[in-house]
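Here it is, the structure, as structure tokens.
A, B, C and D label the chains in the order they appear, each numbered from 1.
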């Protein structure tokens, strides 16, 4: 049953990728259908799970022994508990919607079949990731989604930028994967196994150092996958991929895998405070980092990418808070899944109508041309800035409270950071909103003279946007309603109430205030006066932010250039030194030979001399031997 | 179970040998007959190898299907064959890959259209006969349990390989036909001399081994069993220094064959200049004899010395992993890139062997098999690509994916296998090697893990530069996609990579007992986990 | 009797012969120097034969003479042939083959 | 020192004298091999003298072949009759040994000689001159090269059938050389086989100047070395008072009972022994072509007619090493502490110099000459092992090596251009593409020289190195393998040239030989592979044969 969840999309991928051209017409529907199938399955399982009391809701399925070598016993086995269930629903649900959306979005791409194949592959891998019952199988899904993301980012391979972005994403992720691998090594050498059950159950028994080590390595993995500082650089470029991909993989699901990993290994982090602190720091830094970038980008998708980064920063931070945060992290993850996916789909719809123009400075006043997109996007916008009553409000507010509840100076700092983040979020999202839908039209005919004719997108694209909009409006309230979500997750993530130093009400009001400030600031800058089509030079900070706060340039200079120099010099060394030594020896023998053969000068008498000398030597040697 | 009445191993080696003779004897005009004959023979060999795998009982004796005849009594040399799980795996790999190599090289040795005298030298018959000859010799050396017998074929296989490398290069050489010929013969000579030097040093060690056994057991012997028994019975005890010298003698030869840094420089030349199928033959089959021999002979004959040398060997292996990967990143030539990648992978294999854990050595054995498959897939597709464009330079490609999607796709899968993506077979072996290494030498394990990141870099760089981007070269626009024959070569390899990636158990079941034996040879056991009771609880 | 003096003489002759071979160019002379060396050997043989009081040495000396004669036949034949084709009997002229 | 010599004469009157007094019995049966060959040689001379020119070729070839075959049969018969092992004895008035090594090597020499008759008699390689098929020997050796006399002779289609008696004499001497059991016989045998070789070297049909030069060099240096040899013999005689191996051996290890005062006095003086031994060694090392007595080898090998070179390279080494072995193992074992280090040095020098200098050679025959020097070094490694394995391994090596050499030079005779044999390596470029079979055969021989497994060369090399290692000469083994690695390089160079390089525009052609040369090459290939794959029988043979009679 659980296996089928993974099998369905996997089958789809196999058929679509190996199947020939004759699938071109029907392929996309097949893919969508199979995604739907796994969603239905998930729903059935969910209902079935609700039927059982909280503590024995987890399902286990052992398929077969995978790699048995000595003490190393890796199995293909699944575990479906509340945490996995949450993800499964999110993945299959949003996934199905985005499949549907892509049917329209990719209509004019002659490689649509393959696109759906990749999407199905991604679903399979992502489901495997969240359903695995041991870290090795999780690792498989982990790299599987990496592969899918690589294929989809680089889907338009004829664009060098896309190809480069794809490679960058995979390599950066590989760094994280290496972390996960090392974490698994440590688990194996410590516990002799890497299955969730025994490892998490016995986490406390391991030494502090080991746990910290494992924790940090897991964090590294999470940073890679969830685009957290310092491994965040790939996410911005990843926007080269088709927009549905950005929505599904780089907003709703894959990038949140890091949060899943940390939450899943909560037992380890709980026992390793140092590692936890590291998690919190990473989260805090990233949520500001992403937010700042989000403010500076004129590319609508890049702006949303920055916001994704920052929102995941919230989740990671929450997950770093321990039992008081896990549930909220996941909750925010789900709500974010809805509204961020919605926002991306909206952006996609806008681009669809604007000849794939991404520069917001060339939009403006679009609310008249694409009303549905405007509304859905707007709801998503309200949700993400945490407008009271919408889902983002509940989840983010909870996280801010938990941050304060961390207690001590740490608590205050974290609280302040989260609040500041909320303000900036409000600012840049408002900016996006204003630039895109308000003001007067700023687009001109492009160099080829064809002027974009903004229009509403086809049904297949609109429906998903609407559905997601509903999600972004109501999900939060639903979850918050007498702590339904927290209680649902409690058996897995063990929840305890945090006690913020100042009243909950106070925090809520604070949140609303900062949010209003952010909106106001944005309106002052972009709402009142016309927006220049060409970006002004901007302050130093702005320019830095536009360049991802120079972090990319750092990578470029230090890693890329440095690496090139290293490899080039190594190639030189290999040819000249290592190989040169070999050829040199050969040459040396040749020269020696050339010199030695001169003795053979053709004169019989000199031969006689050598014989005579030889005889003398022989005699001398023999006598000498006797002498000594 | 193991039917010893019929000399199965001998038959498996003799069949291709006879096939080689027959193929060579096919008259010049009947070129295709020779090809088909060779293919059929290789398939027959594969069938025999399958029979071996079936006849082999994982739970049975260490060496099975044994044969033993007196050969050169004066040197105490016996014709002794026998396989353990590792041997079965390696013979299986060899017998499996040869048909693909033959099919992939179907047209590599066809005479060129214009029969000008200097081009006349492409005897198809010879090409396939040599391949079969190599197969026969490789199989014998995998099955030999007599050191001298092994040595003979270990050395002898250099000759056919030498002719394969030097005699049959790519049709259109980037640097022109004449220059190409020069480079080829340089590569061939380098290959042969390099390996011959190693082999000769090993010869000295082999003689030394004889002398040691002779003056301790009265009669010199090369039989693994006899030596093992004598050791067990305490009749044979090597002086520490002697054992170390002999170990070094053997190890040098295997390290050159494997090849291990800094003895690797022959491989890029050899693989770069030879045709893709031959390159596969080198790296996927012949070089495996080196690593296999480390596992069987270095560890089996000189356990103490192996333990003594382990730190140095592991250091070399690590250097190979990182160094090979970095150089692969820096290559401009597709085949040389794959060659350096192989150097990196051989580093992993050696690392696993000398980690002296069941995961490490089991992983190393699987690695030998899986690396064979993955490199075959990648290199053969690369060969198809090169044969289309007539250039090995990466810079001559770009955007292939647009005109030849299937080719690009298979190439990508081969690449992903090379960077050992989970779900594909190589991942399992690489992870096992890493775990096995880490559990005994954590630092080494971590350093080696860097290798998997670098692997991603060189594979994806290669794919990006050749397959993606705009099609801006006229030659590329006319590039045809994979032909049925080529697809028939690649598809099964990919299928195998996926299947073994998901279900390697049949292989591990065969290999594990053999690895346990090897570990007991060196008197090592896996390190216990820090919290053994968890293990127990599980 | 004490053969020392004869030995000294023989050694002297031998050395003279040897050096003759090394320094003289004319093939005939070189060859005669070789003969001189042989005769030095003969002298030694005879002296020792006398010392040991058995005849082996002397008999051998006869053999050596015979052999020397045979060598002369072969040698002169070769040298004459060389002289005919080169109009010189210098050993150094015959140095086409070298290295 | 007593004053009266007559007394000593009475007591000390010695072998030759006394034997001569009572007419000695000659063991004709046991001597038959040598007798047959030498007898045939005499008959052959008579044929030269009286048979009509037209009939000589047939007669000579038949006679030589018959004689050598008969002698070979006799050797085999003797060996089968147990003369190699339990019936081994000293025969011919103590001047010859009839034992395993002697018979084994005689067998090899006869086989080589028999095969060489084929190459000597080959008449299909040279272009037909004035309607007469001719062999590769000078039409009229006495005539001036290119002079009228030569032209006359060529016109008349004369051929030098004297080569066959010369060959027979040489073989006869070589048969005696390894069997010689006293220094006198050693010296005589040496000269008996050297003198004909000097002449044979001078008889080339093409490039006669080189041929003559080779002869002169070989002759002068050979005479020079035999002068040293005989002087050494004289000193040894002075030391031991006898020339018989057994006698000298007895004196050396001081096991002679009540020595005469003179002998006692001489025995006191080791210098005689040591210098004498050294000089005798030098004489033999010259014949095997060991460094530093090797310098004649390249020139002579290059200049001599190729069939002669092949015969010489193979048979001379066999004979000389046989004599060397007997001398060291029978006469001077008591002295081994003195000569082993020396021979170590010589062996190492030979291996290294031979291998290294060969790298840059450009002429096939010179290349093979240098390789033969290196091989002399390898064999010496087996010689210095001073153990039974040493003997048997050397015997086997000689067997293997001689056939490879014969075959290699036989192939060289086939590759020809307008100027005769095309021995310059550049001419061999691309031979493998023109005539793959010939190239492949030559490649097999080269691989055997290089000691690649599954060829006789490998087994031989392994045998000698193994013996050396067991004899405690590990260093030699290491130097040996390293220098054979260097050696491998130049053998490979030739293979590369033949197979992987473009053929020269006006390259040489491969002449189609008669059955004679074909047989030679065929036998050589067969021997090379047989000894490489199934050497056990011959190793047993060598082991059984590896005992010297004393």
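In this section, contacts are C-beta pairs under 8 Å (C-beta built on N, C-alpha and C of every residue); 3 or more make two chains touch, one makes a residue touch a chain.
Worth saying up front: this structure is predicted, and the values here are computed from it rather than measured.
Counting steps between touching chains, the shortest path from chain B to chain C takes 2. Counted by C-beta pairs in contact, the busier of A-C and A-D is A-D.
Chain A and chain C have Cα centroids lying 97 Å from one another.
Centre-to-centre separation between chain A and chain D, using Cα means, comes to 81 Å. Chain centres here are Cα averages; for chain B and chain D they lie 45 Å apart. Separating the centre of chain C from that of chain D, both taken as means of CA atoms, is a distance of 24 Å.
Residue positions of chain C touching 2 or more other chains, listed in rising order: 18, 21, 30, 91, 94-98.
In chain A, the residues that reach two or more other chains under the touch definition are 586, 597, 600, 602, 604, 608. Among all residues of chain B, those that touch two or more other chains are 193. Of all possible chain pairings, those that touch are A-B, A-C, A-D, B-D, C-D. Within the complex, the chain D residues that touch chain A are 216-217, 220-221, 224-225, 228, 270-271, 274-275, 277-279, 281-282, 286, 291-293, 295-296, 298-299, 337-339, 341-342, 345, 353, 356-361, 486, 489. Residues 1, 5, 8-9, 12-17, 141-142, 144-145, 183-184, 187-188, 191, 195, 198-199, 202, 208-210, 212-217, 219-220, 223-224, 227-228, 230-231, 233-235, 237-238, 241-243, 260, 262-263, 266, 298-299, 302-303, 366 of chain D touch chain C in their complex. Looking at the complex, you find that chain A touches chain C at residues 597-598, 600-605, 608-609, 612.
Residues of chain A touching chain B in their complex: 17, 64-72, 76, 136, 139-140, 142-144, 147, 150, 154, 157-158, 160, 162-164, 166-167, 170-171, 174-175, 177-178, 181-182, 184-186, 188-193, 195, 197-199, 202, 205-207, 210, 563, 566-568, 570-571, 574, 578-579, 582, 586.
Those residues of chain C that touch chain A in the shared complex are 18, 21-23, 25, 30, 91-92, 94-99.
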